[in-house]
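Labels A, B and C are assigned to the chains in the order they are written; within every chain, residues are numbered from 1.
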Amino acid sequence: MIPEDLRYTASHEWVRVEDDLATIGITDHAQSELGDIVYLELPKVGATVQSNGVFGTIESVKTVSDLTSPVSGEVVEVNDELPDAPELVNEEPYSGGWMIIVKMEALIELDELMTAEQYENFIQEH
Amino acid sequence: MSYVPNTDSERRRMLESIGAESISALFEQIPPSLILQRHLEVPGPLSEIELRKYASEISRANACLDDYTCFLGAGIYDHYIPSTVPAITGRSEFYTAYTPYQPEISQGNLQAIFEFQSLVCRLTGMEVANASMYDGASALAEAALMATSITGRKGWVVSSCVHPAYRETMRSYAWASGCRVVEVARTGISTDFEDLGRHVTDDTACVIIQNPNFFGTVESLSEAEAAAHEKGALFVVCCDPISLGLLKPPGEHNADICVAEGQPLGIPTGFGGPLLGIFACKKEFVRQMPGRVVGATTDANGRRGYTLTLQTREQHIRREKATSNICTNEALNALAATVYLATLGKHGLRRVADLCLQNAHYAAKTIATLPHYELPFDAPFFKEFVVKCRKPITEINKRLARKKMIGGLDLGRFYPELVGHMLLCMTEKRTVNEIHSLIEEMAS
Amino acid sequence: MSAEPTIFELSSPGRTGVDLPAADVPERPVGELLGAENLRDALPLPEVSQVDVIRHYTRLSSINYGVNTGFYPLGSCTMKYNPTVNEEIAAYPGLSKLHPYQPEELSQGILRVLYDMQFFLAEIGGMDATTLQPAAGAHGELTALMLFKRHHERVGEGHRHIVIVPDSSHGTNPATAARCGYEVVKVESGPDGRVSISALKAELSREVAAVMLTNPNTLGLFETQVAEIAEMVHDSGALLYCDGANMNAILGMHRPGDAGFDAMHFNLHKTFGAPHGGGGPGSGPVAVKSFLEPYLPSPMIGFDEGRYYLDSDRPDSIGRLHAFYGNVGVIVKSYAYILSLGASGLKSVSENAVLNANYLLNSIADAYEVPYGRRCMHEFVASASKQKALGVRALDIAKRLIDFGFHPPTIYFPLIVPEALMIEPTETESVETLDAFAQAMRAIAEEAQSDPEVVKSAPHVTPVTRLDEAAAARNMELQWTGGD
C-alpha cells in the first residue's frame, strides 16, 4: 500500500510536508528493487540541498544509487539510527527508514510531485 | 600443440548440427578486407621436447641466484622461500581458478585471502587490508590517489628517500590525474624532516615516508606523522614486511594508509615481476580503499563462509565512480605470502628479520675497516647499507661477477650526488663465508 | 561452524613451521642496532607446525574449483586450459631466480624473451611497438589512455577531456578513463548489439580524446563497421582504443591494428594461456602504432649489435606504472605458449573457440532467449528472461549449474541484457563437455517450470550454500578477530 498522505518523485523518493519541514525517504518499490541495504551516505545537519540535487547515496550488495532531494533547503535533522541499522530502510521505508528532514527554502508546489495514485501508475508503466 | 581436443570429424559434425558450411563461414561478421591474408610471423610450433630444450638454453644465458650469491637489494630481495609455499601455490585448484565471484565453489581462495588480510593487519598494525594490488609502487600511487579522494587535495609530499621507481610511478599517476608530487630533500640517507615540514600545506593530501627507506635507513616516523596530521593530511607509510618482524609497525605510528612490496614474503625475485602490492588502512577509510576485499559471513544454514564484499566500490559496479580501476590483482602471490607467514609464524619471521639485521651490521662493520671503503653515513639501518667506494663501482661489480657474486646497486644510477656509493644488502640467506668472500674480493 | 578453521585457530604457542640456521656472525643486541624505541612488542602471527600448514591449505584447495577441476565458461575471461609445461618452464631457476637490477650481460636470456614478446604481440595485434610493463588488463588500459593523453598534449589538443565507451563495455573502461581525469560519455548499442554509428557520431567532437571499444564486443559480436568507426573517430581528432580481452575470437584471423585501432591491450592470463591464479597475477601488455611509441613506459627492451639491453633513454616516455619491467613470470608462460602453438596453432585457437561457442549457443537456444540470434564469435550472451517470468533468475540458474558440476557463466553482464548469462567455452573444451553443459542448462530450464524451488535454493552440494552478502557488507568482518 502506497501511503496516501505522502508525495512521490520519479526517482522513487517520498516526501512528507508539515509546515515548512519536508521529511524524505525512499519508497517500498525502491527498497525492494535495491535489495538488502548495507550502507547509506547522508549529509550532515546544516548542509544545504538543492531540488533535484543529489543529497547522498544508498548502497545495497549489488548497487549504489544516488538519493535525490525534491526540495531545496537546509538539512535540520538526519536519521541517526540508519548507520547502525540500514535494514530499517527495507523494513520500514515510510516510517523508521526516514532519512533527512529539510527546512524548505520555499513552499514547494505539491502538484509538481506525484500523488500516491500517480506514483502507483508510474511504477506500473516503468 | 594448440590443446584443442576436437578432431576434424567432430568439428564437421558440429558444423553440420548448426547448419554452417565451414569454420570460415562463422567468421562472416568480419569484413573480408579485415581478414588477415597471411600467417602470423611468429616462430613455432614447438613440441614439448623442443620447447624444454629451447627454454633450458635461454635460461642458461642468465646468471641465476642459485649460482650467484646476491648482495643486491634495492626493492627486490633474495629471501628464503620455504618449500611449503610452492607446494601450495602449485596446486591447480588454486592457480587455475578465477576471481571468486561464485563464493560457494571458491571458499578455498576466499578463506586464504581472508587469512591474508588478517595477517597483513597483524603485521602492519592496521585495521583493514585488501586482497592485494599489483606491486608496492602502484600500491603507493593508489594510496596517494585515495588520500586525494578523501581530502580533496592534490599535493603528494614524498620523501626523496622513497624508492626512485616508486616515485617515478607516482609521478606518472599524478600527471594522469591532475595531482602534484612534491619531493622532500634528504640529509645524508635520511629524510630531512625540516624540509618536509616546510612542504606540508593546506593543499597536501598525504605525506609519504618509506621505512626502512630505499637506502636501508630506519626513519623516525613521528615527525612526519605530526607534520601530516597537523595540516589535515593523511600519513602514508611504505614499509618492508620482513622488517616488521622487529620494527614497530606503521599502525602504531598512527599511519592512515600503509603499503608495502610483499615480494620478500615467499615470492621469487622473478626479474622484477609478478610482485605483491600490500595495502592497508584505517577502518574509517574502508569505503575509499581500492581493490578487492573479502568478508566473513554465514550461509543459509548458519555455517561460516567467506565472500567478496563492498564490491559496490569496484569497477564492475561503480564504473567511472569506482575507487580504482583495478580488477585482476596478485591473488596467487597473496596466497604465497599467506603460506609464508603461516609457515614462519611469530618466531620464524622475527628470526629472519634478526638474521638480516645481524648479517648486515656485521658486513658493514667489516667493510668499514677496509681501505678504499667508507661508511659515510651514521644512521640506523636494517638489512641494507650504503658504502662509499674509491674504486669505480662498475669495476668492483665486474670482478665480483667473475667470482659468481652479484654486487650492490650503484646509487649514482638514481642519485647523481651519490656517484661512487653502493647499496649493499644482506638477507638471512647470506652466510659468514659468503660475506667473507665478498669482502675479500672487494678488498683485493 | 565452518568446515575448515582459520590458520589462527590452528595456532598453538611455541610451534613453528620451519627451522632457521643459527646466526654465524657475531650477534649484537637488536635494541642497540635499531634503537629500542623502534622495536615492536607483540608480533601476533600464528604458531603452526609444518604438517598443519600443509594440511590446512591443501584442504582449502580441495574446496576450490579451477579450470583443472572442470568446465569454466565465464564470458570474457577465456578460462582455457593452462598448459602445465608453461608452468614448469616459468619455474626454471634460470628464468625465475633473477634480480631485475642484475648486470644486463648476465641476463641476456630473459631480455631476449621480453624482446621477442614485444615483437610477437605487436605482430599478433597488427601494431608497431609494445610495452610489457602493465601488470593486468586494467593497468594496460590506464597505460594506453595515458599515452593518448600525452599525444594530445604534444599536438596541442590537450583540452580534449571526454572518453566515449559503449554501454556494453567492461567496467574497467570507464573506471580507467576516470582515473585519467577524463569525463566518461556512454554511447548506446543499436538493436543489433553493436555500437550505434549515429549515436557515436552525435557524441564525437573536438572535446573527445578517445573512444574505447572491445572487438568482438562483450555480446560476442564483431563490430562489423569497425573500419568506418575508426575513420570517424580519427577524422574528429580522437584516438581509438581496443580492449583486447576478446582476442581469443580473432587470433591469426584479424588484427585490431589493421582495422585502425591506435592502441590495444592484451590479457596474457586470458588469451595466452597463463593461469588466472584466483585473481592474478595477470599481465596486460599494450601494443601501439608507431606515433605513440616514443611515449611508451620506460624502460623498453632493445637489441643492438648482438646484445639485448634495457632502453631507458626515452625522454618522451610517460614514465613508469610498475617498479620494474612488468609481470615477467607471467610473460614467460605466454612466450612458451606462443612458441608451442606457432602461427597455425594460434589460428586454430580462434577457429575452435568460435566453433565451440556457436555450437553451444545453438544447443541451448531453444531453452533460453538468445537476443542476438544464433551466430556469435567466441562467446555469446543468453538471457534468462523466460525463466524470470517463472520466478527463476540468472543467479538461481548459475547456482544450480554448480550442482551439475560446472562453474557458472558470467551473470548480469553486459548490463544491456536483462538476466544475462555470458558464456565463453574456449577452444580447449571437447564436444562431450559442451554437450554435457548444454544438457544441464536444458535440465535447469525444465526445472524452472516443474520444480523451481530446487533451482532457487541451489547449490545443494557445496560446503556452504548461498551466503548472506548483505550481512557481510553490514558487519564488515574483514579480518579474524576470534581467539588464536
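Remarks
Quick note on the criterion: a contact is a pair of C-beta atoms (placed from the backbone, for glycine too) under 8 Å apart; a residue touches a chain by one contact, two chains touch by 3 or more.
Predicted model, so just to flag it, every value in this text is computed and none were measured.
Taking each chain's centre as the mean of its C-alpha atoms, the one that lies farthest from the centre of subunit B is A.
Taking the mean of each chain's C-alpha atoms, the chain whose centre lies closest to the overall C-alpha mean is C. Distance between chain centres (mean CA atoms), subunit A to subunit B: 45 Å. Centre-to-centre separation of subunit A and subunit C, using mean CA positions: 39 Å.
Subunit B and subunit C have Cα centroids lying 19 Å from one another. Each of the following residues of subunit A touches two or more other chains: 39, 59-62. Under the contact definition stated at the top, the residues of subunit C that touch 2 or more other chains are 469, 472-473.
Looking at subunit B, residues 317-318, 321 sit in touch with two or more other chains.
Interface residues of subunit C, counted against subunit A in their complex, comprise 412, 469-470, 472-474. Touching subunit A in their complex are the following residues of subunit B: 287, 311-312, 317-318, 321.
Residue ranges of subunit A in contact with subunit C, taken from their complex: 35-39, 59-62, 86-87. Residues of subunit A touching subunit B in their complex: 39, 59-64.
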